[in-house]
Structures are given as C-alpha cells and as structure tokens.
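Before anything else, here's the structure in question.
Chain IDs A, B, C and D follow the sequence of writing; residue 1 opens each chain.
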Amino acid sequence: MADKKWKTAISTHVNHEPYVRGYRLLDLVGNLTFSEAIYLLLKGELPSEAEAKMMDAIFVSVIEHSIAPPSVIATRAVISGGNSLNVGVGAGVLAFGSAHGGALEDAMKFMQEGVKSNRPVEEIVKEYLSQKKPIPGYGHRYYKEFDPRTKRLFELAEKYGFCKEHCEFAKKVEEEIYKQKGKRIVLNVDGAIAAITSDMGFDWRLGKGFFIIGRVPGLVAHAYEELTQEKPFSKRLSEEEYEYTGVEPRELPPERKKV
Amino acid sequence: MADKKWKTAISTHVNHEPYVRGYRLLDLVGNLTFSEAIYLLLKGELPSEAEAKMMDAIFVSVIEHSIAPPSVIATRAVISGGNSLNVGVGAGVLAFGSAHGGALEDAMKFMQEGVKSNRPVEEIVKEYLSQKKPIPGYGHRYYKEFDPRTKRLFELAEKYGFCKEHCEFAKKVEEEIYKQKGKRIVLNVDGAIAAITSDMGFDWRLGKGFFIIGRVPGLVAHAYEELTQEKPFSKRLSEEEYEYTGVEPRELPPERKKV
Amino acid sequence: MADKKWKTAISTHVNHEPYVRGYRLLDLVGNLTFSEAIYLLLKGELPSEAEAKMMDAIFVSVIEHSIAPPSVIATRAVISGGNSLNVGVGAGVLAFGSAHGGALEDAMKFMQEGVKSNRPVEEIVKEYLSQKKPIPGYGHRYYKEFDPRTKRLFELAEKYGFCKEHCEFAKKVEEEIYKQKGKRIVLNVDGAIAAITSDMGFDWRLGKGFFIIGRVPGLVAHAYEELTQEKPFSKRLSEEEYEYTGVEPRELPPERKKV
Amino acid sequence: MADKKWKTAISTHVNHEPYVRGYRLLDLVGNLTFSEAIYLLLKGELPSEAEAKMMDAIFVSVIEHSIAPPSVIATRAVISGGNSLNVGVGAGVLAFGSAHGGALEDAMKFMQEGVKSNRPVEEIVKEYLSQKKPIPGYGHRYYKEFDPRTKRLFELAEKYGFCKEHCEFAKKVEEEIYKQKGKRIVLNVDGAIAAITSDMGFDWRLGKGFFIIGRVPGLVAHAYEELTQEKPFSKRLSEEEYEYTGVEPRELPPERKKV
C-alpha cells in the first residue's frame, strides 16, 4: 500500500463523500468562508478569525489589475481563437511565470532564507547592492517614498498580529537599502505579501499559489467579457501593429522549384 | 477611441492605481472578503451580506474533490514533467471541459431557458425523457433519494432569500421526473448551484467560472504537494498499467530500409 | 486485462524499446522522413511516396502565418510572463479553437457528411444559403476569383492521385454557390486541405491535428524569438492601447469602510 | 517604427500573402518537405539535403514513446474532461518541462559551453563527478554499454557530415567518464541529438523545440484516440489507485458549526 504512485494528504473519500483535511466537505459548506476553506486546504488546519481576515485582504489585493498584463492578453487571445471559458483561464494561469507573480515567490524565499540564516541584514543588503542584483520584493515604478498597498497590508497585519520576524526583516531591509544607497527602494506589494504570508507560516514554494488563487477571478471576468462582448478572432495583430525585422522578399533558388 | 481592439468594463488604472468596477482596489483591501470582491468583479456591484454568504457556500462546496478527477491527474502529470506551480495549475484548469464542471453550465442554461420559455415543466421533462436525453443537473451515481449537498445548499439559499423562480423550476423538474418515470433522479450539486446562481442573476455562460474559481485552490494544493513530495517524472504509466491493443511487432519492408 | 483504463493501439514497448504501429522506432530513424512517420502514426500504415509528398505539402502550407494570429499572441504573452519554451508553445496550441484552425475540421465534416449522404449538391448548397449559414471551407477576405493556395494544393493532389470524391464534391459546391448566388465564394485553403485529407482517408475528427502539427514549428520559432530577443513582461498593454468602458471611479459606501 | 512592441524576423505579409524568412509561403508548398520548411523557419536559411535528412532522423527519433510519459497522461486526462483536440495537445506540450525533454536542452547547453570554454574534458568531467552532479545527456536505465539510438544517429551524422566539434566533445566526455569512473555511463539519445544539433549550429535555448516539434504528432495521435475510443471522464483515479496519507476524519469544532 505504501508504494502507490498517487498519494495525497489533502483529501479523500469516505462513503463516497469528499473529506478535506479530515473534515467532511459538506460540513464546511455554510460554516466556512471561501478564504477559511482555502486556508484549511493549504495549511491543513482551520484558521483563526485573524488568519481568515488576513487571507481575505491578501487575495483581494491581487484580484485584478486591469486588462494590461500578459495573463489577460493570453486569456483573451485564446478565447478569441474560439475556445471555452476554462481554456482561456487556463492559458492566463500559464502566463504567471517568473516575471508575473514570480516576485512574490522570490521575495518569500529571500525573506525566509534571510531570517533563517541569522546573517546581519547589513551584510545581506551589501551583497545584493554590490552585485547590482535586484532584491526581490523591493522597488516600484511609481512609488518612491512608500507603496500604499504595503502600508495598508502592514496595518492589517499589525492589527491581526502577523508582524513578526519576517515583517521585521522586510522593514529592516528597506531601511538598510536607504542607508547604504542614500535613496529609498520601497518594499512593494509583492514584498509585503511575502513577509506576511511568511509570518503566517507558509512555505515560499507555495508563494505563487496565493497570486494564482487571488487573480483567477480576474481572469474569469476577462474570459467571460471576451466570450460575450467580442467577435471571434478579434485578438489579431493588424499589419500596422507589428514590425517586420527579417530578410526582404526573395526568390526560391531555381533548383528548388519542382512545381 | 471607440474602435480600440482591447476594451474592458472590468477595471482600469487611475493615477497608476487599479480601479475595479469603479472602486479603487486599495479601498477594497481589508473592507471586502474574497467572496465579496469576486462578486463585485463578476457582477459589477457590491453584494449584500446574504449574497456574499451564498457565494462563500458555493465556492466551498466545490473547493476540492480528492485526487481522483482528470484535472488533478493533469496538474500532477504536468508538475511531474518538471514545471512550475502555475503550469500545473493551468493544465488542471484546462481539464475543466464539458464533462468536468460543464454540467453546471449546462444546468444553468437549461434552467434559464426553461424559466424564460414559460413552457409547462411537464412538457419539458417529457421531451427529454422521450428522447432519452439526460437532463443537465439531475442524476447521481450514489444518491438515489436526495443529494445531501443539494439539501444543504437549498437550506442556505432559503435562509438567504435566493429560492426564487429558478430554484422553484429545478424542484418542479425533479418532481415531474419522478411522476413521469416512477423513480427519482435527484437534483445534484451542479443542479443546485445552477438554480441558485441563476436566481442570483448570473448568466449561464459564466457558469463554469464558479467551478473554476472554487476549485483552483484545490489544484494549487495538489500542484504544491506534487512539487514538494514527489520525484520528477514519477507520474508515468508502468508497463503493467496499460494495455496495448495495436498491431504486433513487424518488420519494415526491405525496400524501405535505407540504413 | 481487457478492462485496463489506459489502452492504446498507437505504440508500446518491447524489451524496453518503443514500437510505433508495430515497427521498432529505431528502424524508422534514417528510413522515414518526418512526414512519413507522422502518416504512419496517424493512419497506422506506411504511406506511399505520393501520400508522403502530399503530407509534406499540407504541413508546409500551414507552417507559419506571421506574428498576427491569436495563437502567436498567446505564445508570446505567456513567454513574456517569464516561462519556458514549452509553456509558450502549449499556450499557443490552446488558441487553436473553433475560430483558429477549426475551419479545417468543420470543412472535413461538411465534405465527409456531404459525400456520404448522396444528397444532390444543389440541395445542400441551397440549405446553407437560404439559412445564411456560412459553408465551412468557403470564402476569403481577399481572394474573390480563386484562392492560389487551393490551386497549388489541388494541382499537387491531382498529380499525386488524390482528387477523388471529396475533391470533386468540394469543387461542385463552389460551382453551385456561384450558380445560386451569382458570385464566387472561393474554396479556401482550409477547404482544399479538408477535401484532400478526406480523399486520403482521414477522419474529420482528426482534422485540427493537421493544423496543429503543421503550425507548431511556427509557434516554436515565435516562442524562441520572444525568449531571446525581448524583455520579460514586454507583452503588456499600455494605457493608450485599451479602452475602458466601465463605470466611473466611485466611493465605497461608508458602511463598508472598516479600515 | 523601431519601437513597436511586437517585432519579428520570422515572417510577414506582402500583398496579404505570408512570406516566411523572405520566401513566399506558397512557393514552398510542393517544393520543400516539412523538415526542410521547419529548418528554414528555425534557422532562417534553406537546408542542404544532408541537413534536411538529419532533421528528419532527429524528429523521427522522438516522435512517440508509448502511452507512458506524463505528457500523454496530461493530454488524455484533459481530453477526458470533455475538451477539443487542441486543448489536450496543448496540455501535453505543457508537460515537457525540465524532467521531460529538458535533458536535450541541458545537454546542448553543457556541450556548447564545454566546447566554447576550451577547458580540458578531463577537468570538466572531474568537476561533475566529484560533485556527484549528473552530466546532462549521459546515463540510461537499461543501456549500459551503448545506447542503440545514439549509435544510429551518430552513424547518420557521420554520413551526412555533422560529426564535428560537439560530437567529438560528446564522445570524449563518454570516454573520460569511463576512465575516471571505471564504468560506462552511456551517451543517451538526448545527448546524441544535443551534440548533432549543436554541430548543425543551433542555439541550446531552442533545444526543447526539437523535442516539442518531433513529439507533437504523438500527442495528436493520443488525443485523437482518447477522443474517439474512450468515454468522457474515464481518466479518473479509482479509490484503489491512490493512497490517502492525511489526517483521519474529524469533527468540525462545535463553535464553527453555524448550520
């Protein structure tokens, strides 16, 4: 039995009914909010009220970010090819690579390793700055003094009691960058979520999962809008929209012309 | 301006900040639960407390259904090929085709068209039964008297005031099947969610979206478990696990053998 | 043994070596062209030289169609999100829905059913025209007299002996449309491939497969170009590129403001 | 013009007709084999006859590997969920991660960097062996003396004139491992393809592309077989097929029970 190829600790069936982390799924319906059930699923235990509220705030903070990002472009292009809702949403989830949601995972890794290492923050920051490596979770195109989303999430984390060692570490790094560099590189929203979820005890390898769960509703909304409002194949580049940088038209060599 | 190819009513940026359905995203953080924000995103308006609770119950009811379904197999096989979390989850979402979550969409369509048509339920049921077509949202492998999930969801819908024309229609169909067939074909959980979301005013073409949003956390949990607990390429069929039904080994004709 | 869940007639292992349609894979290497091996895989038997050449012509005719189509947009958006080559190509294949490659499948179905039905072409065409339904495989944005790709493929099909009942049917439909409508709606490249592959004996449900196999090299080229020539996250819509059609910025009702 | 976001050197339209790498697509139809057109697409120039034959051999060598691998499992699970051919094939391509086709890319990188570095092979091998790092492209579960596929591909590469510096390097590494370790770790088929494509002048970052293009026909065959031969939702794990390793059934704490 121990060597079955498919193994899981997440859920099982008892008398044909699904049980999630030991609880009968049906007992959860009406008794848990969606965020509470997600927490149970990912963490294995029921959340406290504070944990559930923090989860709500995190998911809401990433739920939708306009039509601009690559994930929405992929979702709508795939729907435009003539596909069902699930195929468009699936394609959008694929776009959540290292450059799109990956910062959250990288920042969690950076903070969890930083805290665990017990190395002085001064030294860690110096290492990154001297190698001109970006520090995951820091920096923003428009916010130069502070990121308002970070401020909001940290206020909530404070209120709910999740500002522990990782949040402290994250803030110290921000200060240390300022000290060493003479200008602020702000802790951004990815960094804030990374610090808080780390203090909530989540493994960094699950990091992108928070982004995926939180953003999928946005992809569903875009897939539905494309499906119901736009004509098929409308997501196509017109000739004015792209630049051709290749070789000029040329003739096939005569010896290749069989027909 | 009116003829831009990319158009959306879902969200936009104002001063570099995302606004969702008119509300500044940051204002929602800490003020809305995840389900409330999903409702706003999909419906365009803030939910009442009852609507938010109903959404919670619906998402929780589909959140995870053990390792068995094709979506989990696809997720874990793709992770097993050596991919990141997002790729596994994306593959799982792809599996939500007409046979896996599609019943919800089909049942919403059936009920919305049924209610709108004003045709007698007797006639509608007769049409399906005489053509031996399955009625979407009805029937279960194990539940022959009633589906306990339907019972629970309907109790909640009753409590929150969502048992309106579609729920009535759904129950009438169940009774009518019993009358015409002499045995029960129960309104299943897909049918129950279909009736309730229809009474909440959602379009059937969004139907699979409820399933996708609700089940993605389950896929994230399975992708994470596969990533952290299993060896790469472990989701591979051994020779004992499959049957070869093709032609016996044969020789390439001599005239084909160049090397 | 007969009830295994995973069954295949395509290939198996003999002494740890793969055998495809009965032939040892290694024996095919150096002895078959790629198109010959594809034919064997899909049809179960080795192709004649004519069949192999026809396959080559078909795959080449769809191999690449510039950066414009939704599949390339999806591929490049997903790569731009920070993903590996396979994830971008996979996303592009997803885009091959009913509006993007689906015409080939639809046209094969139309022709195979048309030929099988023995109905007069006149009647079939009248049915479509009177219902203003587009006939799958007919019509082109720019070509109003004839589609040069159809001409080329039909010349080759003629030469290789594949102009049989389905090609005849396809041409008759084109003539009949002209007769009934007074203007040409040309048999397009999808229609031409559909007629020829039908005459080669392929099932219409495999139709999109020819498009997928033929076009994947194009997607690989685009994924590679994006990966090596462009910056991550560069496939993002700027604010000038999209139009927001939703509600104006508004305030969260005071009773919702908890923080 | 130079700052358009979508740029490509692969193909464009001239008078509404696609041109690939400067050649009118239609001129290629009937004049190039599929492999020749793929080479043109990926490399930018027409292949010699030897190059075209080598491409054929490489694609055929990876075209299908039985129902066993994770990519086929993903393809068939997604089709089983009730999806179209393209969605199943797309999901299969996703599975081609670092553990499934990735060895080819890794081996190309290893060989191209090894040749470029001019370091003694002895030193390179020592570095890997001393760190117990597997050398990409070497090792096989069953072949302990030589890999017959490598033998076949190298014979062809020899014949066609592609055994140059990378093939030499690859063979030297094999010998050097034997010398330092006292036993053979054979150059496997991934390693052989890597050496040959490197000698043909392809960049390692395109490596997985050869595997994807070559294997997609296999995925199409499996998607079609699942679609036409199997019942929807048949790719589902029965309760006997998986092991539940999680917590035992338990009661929801009384204070959580609202309904």
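We take it that contacts are C-beta pairs under 8 Å (C-beta built on N, C-alpha and C of every residue); 3 or more make two chains touch, one makes a residue touch a chain.
As the structure is a prediction and not an experimental result, all values here were calculated from the model.
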{"item": "Contacts common to chain C and chain D (chain labels)", "value": "A, B"}
{"item": "Same-residue or different-residue interface between chain A and chain B, half as cut-off", "value": "same"}
{"item": "Inter-centroid spacing, chain D versus chain A (mean Cα positions, whole Å)", "value": "28"}
{"item": "Centroid distance [mean C-alpha coordinates] between chain B and chain A, Å", "value": "22"}
{"item": "Centroid spacing, where centroids are CA-atom means, of chain A and chain C in whole angstrom", "value": "34"}
{"item": "Chain D residues counted as touching two or more neighbouring chains", "value": "6-13, 28-30, 32, 66-68, 83-84, 86-87, 90-91, 94-98, 101, 152, 155-156, 235, 237, 239, 242, 259"}
{"item": "In the complex, chain C residues that touch chain D", "value": "5-13, 16-18, 20, 25-26, 28-30, 32-35, 37-38, 41-42, 55-57, 59-61, 63-68, 76, 84-87, 89-98, 101, 141-142, 148-149, 152-153, 155-156, 203, 205-206, 208-209, 212-214, 216-218, 220-225, 227-230, 234-235"}
{"item": "Contact set on chain D toward chain A in their complex", "value": "1-2, 4, 6-14, 19, 21-24, 27-32, 44, 46, 83-84, 86-87, 94, 237, 239, 241-253, 256-259"}
{"item": "Footprint of chain C on chain A - complex, ascending", "value": "66-74, 77-83, 87, 90-91, 94-102, 152, 155-156, 159, 232-233, 235-239, 242, 259"}
